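Report on one structure; see the data block that follows.
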Amino acid sequence: MQAPDKVGRAKILGVHSRSVPLDPEVDLEALASATPGMVGADLANVVNEAALIAARREHSAVRQGDLTDALEKIVLGTERSVVQSESDRRRIAYHEGGHAIVGMLTPGADPVRKVSIIPRGQALGVTMSAPDADVFNYEESYLRGKIKVALGGRVAEELTFGTITTGAESDIQQATQLARGMVGRWGMSEEIGFVAVESQNGNGPLLPGVSDTSEATQRMVDAEVRRIIEEAHEDVRNLLERERERLDSLAESLLRDETLDESDAYRAAGIDRVAAPA
Amino acid sequence: MQAPDKVGRAKILGVHSRSVPLDPEVDLEALASATPGMVGADLANVVNEAALIAARREHSAVRQGDLTDALEKIVLGTERSVVQSESDRRRIAYHEGGHAIVGMLTPGADPVRKVSIIPRGQALGVTMSAPDADVFNYEESYLRGKIKVALGGRVAEELTFGTITTGAESDIQQATQLARGMVGRWGMSEEIGFVAVESQNGNGPLLPGVSDTSEATQRMVDAEVRRIIEEAHEDVRNLLERERERLDSLAESLLRDETLDESDAYRAAGIDRVAAPA
Amino acid sequence: MQAPDKVGRAKILGVHSRSVPLDPEVDLEALASATPGMVGADLANVVNEAALIAARREHSAVRQGDLTDALEKIVLGTERSVVQSESDRRRIAYHEGGHAIVGMLTPGADPVRKVSIIPRGQALGVTMSAPDADVFNYEESYLRGKIKVALGGRVAEELTFGTITTGAESDIQQATQLARGMVGRWGMSEEIGFVAVESQNGNGPLLPGVSDTSEATQRMVDAEVRRIIEEAHEDVRNLLERERERLDSLAESLLRDETLDESDAYRAAGIDRVAAPA
Amino acid sequence: MQAPDKVGRAKILGVHSRSVPLDPEVDLEALASATPGMVGADLANVVNEAALIAARREHSAVRQGDLTDALEKIVLGTERSVVQSESDRRRIAYHEGGHAIVGMLTPGADPVRKVSIIPRGQALGVTMSAPDADVFNYEESYLRGKIKVALGGRVAEELTFGTITTGAESDIQQATQLARGMVGRWGMSEEIGFVAVESQNGNGPLLPGVSDTSEATQRMVDAEVRRIIEEAHEDVRNLLERERERLDSLAESLLRDETLDESDAYRAAGIDRVAAPA
Amino acid sequence: MQAPDKVGRAKILGVHSRSVPLDPEVDLEALASATPGMVGADLANVVNEAALIAARREHSAVRQGDLTDALEKIVLGTERSVVQSESDRRRIAYHEGGHAIVGMLTPGADPVRKVSIIPRGQALGVTMSAPDADVFNYEESYLRGKIKVALGGRVAEELTFGTITTGAESDIQQATQLARGMVGRWGMSEEIGFVAVESQNGNGPLLPGVSDTSEATQRMVDAEVRRIIEEAHEDVRNLLERERERLDSLAESLLRDETLDESDAYRAAGIDRVAAPA
Amino acid sequence: MQAPDKVGRAKILGVHSRSVPLDPEVDLEALASATPGMVGADLANVVNEAALIAARREHSAVRQGDLTDALEKIVLGTERSVVQSESDRRRIAYHEGGHAIVGMLTPGADPVRKVSIIPRGQALGVTMSAPDADVFNYEESYLRGKIKVALGGRVAEELTFGTITTGAESDIQQATQLARGMVGRWGMSEEIGFVAVESQNGNGPLLPGVSDTSEATQRMVDAEVRRIIEEAHEDVRNLLERERERLDSLAESLLRDETLDESDAYRAAGIDRVAAPA
């Protein structure tokens, strides 16, 4: 099924909120902007959850804040209270701060929508980014930016504490997956060229009747993936060393406020959010 | 089941349209030309869809335009409206324009039937090509031409915007599949020679009782695939640099008109469609 | 089940044709010669099909021609009418002519029984060869001859048109399969020696309890297969260059008559069919 | 399901012990500290087992000791009496002593909670370590520490008896698993970098559509794993040679008392347990 | 189930022939010698088949010849009449003669019991060998002898006709299987040593928990297998060149008599069958 | 399920023999010593079988000899009478003698409990060894000793007869399995170090999420396995050359008496069984 685009999502939200009292200031288009990839059932879910939250908060009508909190709860999971040492909190604040600073300062990267060090679901913290409009094609620079954002957490930890942890596992998977896609699916490595590299698992009908990819090609893929990530790593290290003060400032704000929305996060980092609001 | 040839398809269309009022100018042979590979059920489907379209348009009889629109809807999916930035539209116009210009200027390539930047199904744009007559054997130059057409989209983006995107993924798969077939199935690589390269998946009974293909041969296959695609890439780059004006002109027409049929597309590109009409 | 030999097939044909009126000139032994590998059910099928054909042709008794047409229909599929360009017909005529000339001039190769450019089933043309008597063992030279016949189609196209097509795919598979068998199963490569090369698929119990074939051996197998096919290719190129006139003459006859039986084909090629009739 | 944190576990223990007479000195928070990773059903199990033990011991209320014995029985299995030679007992005492001394003297390693040479379940002895608080991220130094603790048993045997046994099999597996995770999942090898190394088994969707990891990368992973373990091995050898007297003293205490709890173990080794009590 | 030994087989034959009239000269012990590996059901089968043959031949009692013919029919399949050219018969006579001469002249090889060029089942000819007594262990020289016998057929063809055929396929498989067993299972290669080489198929539990055999070892296995077969090949070539007259004489006898039993075969070859009769 | 230790087995034997009249001299503890690894059902089986044997022998009570014969029958299978040549018997006597002499003279190896050349089940002879007490950990020297004992049979054959046979197949498997375990599971190879080498079959969860073992490591494993076995082979060859007289003497006793129990075997070899009786 084709996911609806922003216009479609706004219409669907309109339908689902008919039977719910909406505060006049609610802006369903803004909510539509924030829900790329969602289909009808997801959007209905957001509206229902917002109604429950509003009831619990004894609002006479569903407010914008109820809707965004409902969206967060659905996307990120419920907040959990966890007993953490102060040093664990600092590490997470710098990790998320690293993702966020890199996201804010990498040209073309998705704007940072929220940064939080409150544990939710499996995650100990979260940095949420989203484009201002639906995106259908990704430019190479955008992918490199996403890899950099993924690396930002680990690099910030390294610069600040001089040590690294297992906490970057999913960042590493994401960066690797993007880099392998660039090399093996999207023709973004000169070494491999405009060639799709066949998968041995599952992707059987891609290239029927011919041999598997050679070890020589696999080695080249690995080397290119490594190169792409290394280059991103170097850029991120330089960026965060240069912007150390912004990182400190953002991390301090996180330690104090735990969750920062888009404008607070950019303000804490001392960065102008220049893109037009969604 | 054997798909019918053009003569057969024309007969089948005749049978299925007996119960439908046809405009006297309808040319079922032209429709038969445009439906290679379709079997009886597909053709019946086209006629039925055309009847529905004609009814919606309040035509008293099914016209040729109703039939071709029905065919398009079935082959390409329904048009979708998507909110796109102007820069996204420009990129798609140049991408499809690149496919089309290469298709128009590569000797022996299938004529371009339609170019469009209206999103349909999963695709953001489409360049449709089809031969004037059923083809049963493919010449090596024809396959190289098809690879070039596949590369045309990415190269046009690169020349115009200096950047590349993930949008070429299926083009890369198609080019790779053709090149691997040339090397491993059709004996078109001197390095591999007149030898079939055994598949490890599924194709078990091809060469029973003997060992798998060696890594050395797989490496050679990979290198040949790479070479074929590189050569095509270079040709396409030279062609589109040389024909930059035609590309600009076609892209501009696409941005203005969104969809160009065969004659409009050739006219917009300033290219004579010399082949005899189907 | 053991397939019957020629004597057995003649007896089986006798049994199945008891209830069918046979023209006195029918020669069941000749038919038996032409059906190696067939079992009782296949032969019954031929007789039944011949009875249908005879009925359709309003013959009062089944004639030899009805039987051979029935055999052809069963072995090769029904003739199809396809709209082909003249250039496609020429290409096919030279392709089949190439198979046939190589078959006629390679000492020890099976005599050519029929050449046709009428599409049947999936094939666009056919060159049928069969030995004069049942064969149980194949000499190395016979296998090399079969590889040459397989290559004859592509080489004839190349010499005549200077271009190659995808039409040789099944020829390539056959040549590769024969060459791999020579190397890996029949001890006909000095490099590999009198050693069976284990299959990784299916052939598990062949050599239980020991390791798989090494990459080094697989590389040697690939190289030997390549060498055998290269040598055959060179011989075929020399042969067809030398016998170009015969090829032209046979191809012209095919373009005119579409199907040539054994004696017509040899006559068109200007070659004496010296072997004793079956 | 998300495992509860320490606060949550204390609450769950409170719920499950409502129907059980608890000695007033029972400290459920201490028990919660000792049960990281346990979920509701596990904690209920501990309370029930403690009630049975208390009944068997004719305690009028469940005491702290009943709870910790119940926990041990569930985590480690029931004690078994096995006829062992004195030399086997000595070897086990030094093996467990080695784990424990390394655990006590490696900065940042989890405190040693218990050491025992009484066979339980499949194990001939046990050294139990646990952090003072729930841990969510593991630092690289912590992982290296865990590898060292795993190696401590074998090294102690080697230093003391000059010989090695099969008894370190699960230690070897644990050390290898940690080192492979450091290299392939957590980006802790400079040679491999911030790259996830794809698994061939099961982990299919990690990197869909691209080739497998090359042999060259696998070789690098193996070498890095080897290096990490070698470095840990050298450190452990130096540590245990230097701290030989502590090892002897701890082993002697184990031979005499068979089981040592946290404070007895640290005292026997002559090491200050400086970390704050949980 | 354990197959009975010779003494056991004689007893079982006695039981099954109680209800059958036996000619007084029948020697059940001789039949027991000729049926190693057979179990009760097989032996009962032989007796029943012999009774049928005796009935067909109108013998008043089952004779020794009826029993051995019954055994042959069961072991080798029924004789088939096949129309063969004289040159095919000669080739088969030399092929079987080659097996037989090598078997007769290789010290320690099983005596040749019968040679025949009458097609049976799938085979065009047969050379049957069997030891004088049950064998439980095979000496290396015996295995090398068996490889030589397997090679004897192809070498005899090569020496006599200068050409080779596909007819040696099962000989090649047998020789390869024996040589791979010598190298990988029975410790008879100095290069591999007293090491079992693990199979990748099926033989999983042989060496659980450790890695697969390396390519380096597989290459060594392949090279050793090749060496063993090459050495045998050379010996066989020398032997058959030297004993060419015996081969000619045996082959001529086969062409004349089609089947030779043990004494006739040795006589035709001019070789003393020195071993004591079974 | 945990197998009981010696104390446990003695108790279980006591329970199962309650309903059986036991000779007062029966020593169930000695039987318990001889049944390591057996569980309740196995031990019950031994007692029942002993009762049957005692009944057949018309003993009024079950004697120790009935129990040990029952144990043997269950562990080794029933004795079979096989017609063997004298040379086969000599070979087996030297093969088993080789195992036994190496077992008797290798320090720390399990004492030899019985040597026999009477075929049982699939085996043509047997050398049974068992420790004096349950063992839980195996020292490296013990494993090397076991490899040597496995090699003893083949080496004795080689020294005595100058030839080798297929009879060592299971010895080769055992030696290989032990050596691979030493290298890949128990950290006993300096080349591989304290690293577990991952299996490709079945052992999936050992090291999840990381790549397979590299060919380079597999090659190292193979080389280490080879080295360990070679060293053992050399030691065994030296030992048996030096102790040739003991080997001859033991083999002669075996040929005369067919089965030797522990004390007879040591006496025949002229070796003091110094270890304390079980």
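By written order: A, B, C, D, E and F. Residues from 1 in each chain.
Following the convention adopted for this analysis, a contact is a pair of C-beta atoms (placed from the backbone, for glycine too) under 8 Å apart; a residue touches a chain by one contact, two chains touch by 3 or more.
Because the structure is predicted, anything quoted here is derived from the model rather than measured.
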item	value
Touching subunit C and also subunit F, the following chains	E
Subunit D and subunit C - chains in contact with each	none
Type of subunit E:subunit F copy interface by residue overlap (half), same or different	different
Rotation angle superposing subunit D onto its copy subunit E by C-alpha atoms, nearest 5 degrees	120
Distance from subunit E to subunit B - Cα centre to Cα centre, in angstrom	62
Chain centre separation (subunit D, subunit F; CA means) in Å	36
Shared-contact residues (touching 2 or more other chains) in subunit C	181, 185, 198, 213, 215, 217
Graph class of chain-chain contacts, one of line, ring, star, complete, other	ring
Circular arrangement of chains, read from subunit A onward through subunit D	A, D, F, E, C, B
Subunit C contact footprint on subunit B (complex, rising order)	2, 5-7, 133-134, 136-141, 143, 181, 185-188, 192-196, 198, 204, 206-217
Complex contacts: residues of subunit B adjacent to subunit A	80-85, 88, 91-92, 121-122, 124, 151, 154, 163-169, 172-173, 175-177, 179-181, 183-185, 197-203, 213, 215, 217-219, 221-222, 225-226, 229-230, 233
